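Each of the two complexes below includes subunit A, the first together with subunit B, the second together with subunit C.
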Partner chain A sequence: MVDEIIKEKKVLSLMLFSGPYGSQDADHMCRIAEKALEKGYGVEIFLYGDGVHAQMKDQAPKMFYNVGEALVRIAEKGGVIKSCVRCSTARGYVNNEFDETSDRYPSDKAMDAVKIYSLYGFISMIKSSDKLLTFGSA
Partner chain B sequence: MTKIALLITKTPHSDEGAERMCGISKRAKEREMDVTIYMLGDGVLCAKKDQKGYVGTNIKIALENGVSIKASANDLNARAIRKEQVEPEIEIVTDLESQFVEDIMESADRVISW
Partner chain C sequence: MVKVVIEISHPPFGYEHTFAGLYVASASLSKGYDVTVILRSDGVYTGRKGQIEPMKNINLPATEDLVEDIIELDGRIIIERSSMEMRGINEDELIDEIEVMDTQDIHDIILDYGEKVVAF
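For the complex of A and B:
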């Protein structure tokens, strides 16, 4: 449903390769995503490699910009956030096989705002994207 | 005219990002493209004037060649970099993320980030 709505707008796609807090890559990505949503663009985010750590539930940095809260805000405003299942499995986020009903790989560590998905999720994202930006190094 | 947008969020010398940005900017201008560089986060350190070395030299060349360069005011302030310490032709922008999003979605043909 969200995927259908997003295609009616110009879409900015963002790919994150770095985990939060070690650098500002995730901060920049989230801030740009929020600006794009404010301006009425569609936003799709794909978390890859260490970037999947941005999906961790209950992040509570004392001083830094809270990336977890930013991703929740982005999802609430209509942004679509997916993360790579292989990268997520390697880092202990995936509990079970793909769940057709919820259209995601289940995880009790990842926040609900992020959908753990196969890399085909990234392929479909770039197909519908007007511009693609990457943050961090693979 | 083809318009390209280059986003730099890394320091001038921590990795090769800023050097690549300068190289691509130079080649794009040689091909008569319209080039805009956006400096965000640690990327604003590339805006400091009187830098020696490849990045400093090539930022000056880029400005002389008509490349438009914009640096985030918030990120300059966060790093205690005053306006007098920035290359004078670089535009300091209060809400750079906002302007960047609008430019890449509405007018740039291509965007590259480091």
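For the complex of A and C:
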């Protein structure tokens, strides 16, 4: 699917390394992702390190921008969102081995909009990106 | 072949950043990418040799193992001279294959050589 995006559109790849709500990194990333989709970019997101917490189901911030809802909107508009299996396993998200049918590691805590994946999900994004931005890692 | 520069400025202890960056480096190498790792600021501590045994003694993984893997896969690892010197690290304390480089030359690599730069 990513290969198809690459042929047709410019691709913006985004990596999030910090969790939602503790900083604005996740907000900034989601907002630029939505803007890029509006502008006709293909958007790929990789959640890495504490960034994997952005995949948690049922996020309910009372006052802040809802990162979980933003990721769902991004996925609905064609954004591809993956998260690191090593980081997700360490933080208790992964239930089982890789499932070929759903093309992800299964999780009852992560939203369907995010695929828990090997780090190679990010490695291929590095290659396919026309622009690569990182949030919370530096 | 995509040219990836991975800049690491966090220390190897107390943060996940260095492991995350070195994993990206080795996974990129295994996909055939051209990889340059730049250690600067507190990232220079990753360049010191002799960390494997002490880390084993406290049951923690050592970034030095990952650095050795990257070198074995023909990745290039560069350390910024000024960051190293201001932390009192000498060249003879470094893992052998690491190159010491001046800041201006590192900027040339980031700006002119690297096609994709990922910072940790």
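Convention: the second predicted complex is superposed on the first by the 131 of 138 C-alpha atoms of A that agree within 3 Å, B and C clash if a C-alpha of one lies under 4 Å from a C-alpha of the other, contacts with A are read in each partner's own complex, and residues count from 1 in each chain.
By definition in this document, contacts are C-beta pairs under 8 Å (C-beta built on N, C-alpha and C of every residue); 3 or more make two chains touch, one makes a residue touch a chain.
These figures come from a predicted structure and were not determined experimentally.
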Contacts of A:32 with subunit B and subunit C, given as first, second, both or neither:
first
Kindly classify A:122 by the partners it touches after superposition: subunit B alone (first), subunit C alone (second), both, or neither?
second
Can A:134 be said to touch subunit B (first), subunit C (second), both, or neither?
both
Identify the partner contact of A:12: answer first if only subunit B is touched, second if only subunit C is, both if each is, neither if none is.
first
Contacts for A:41 in the overlay, against subunit B (first) and subunit C (second): which applies, first, second, both or neither?
first
If we overlay the two complexes on their shared chain A, which of subunit B and subunit C does A:24 touch? Say first, second, both or neither.
first
Subunit A residues contacting subunit B in one complex and subunit C in the other 132, 134, 137
If you look only at subunit A, which of its residues touch subunit B in the complex?
10, 12, 24-25, 27-28, 31-32, 35-36, 38-39, 41, 130-135, 137
Partner subunit C, residues of subunit A touching it in the complex:
15, 17, 48-50, 86, 119-120, 122-124, 126-127, 129, 132, 134, 137-138
Partner subunit A, residues of subunit C touching it in the complex
2, 4, 7, 9, 16-17, 20, 23-24, 27-28, 31, 33, 116-120
Any idea which subunit B residues touch subunit A in the complex?
7, 9, 15, 40-42, 95, 97-98, 100-102, 104-105, 108, 111, 113
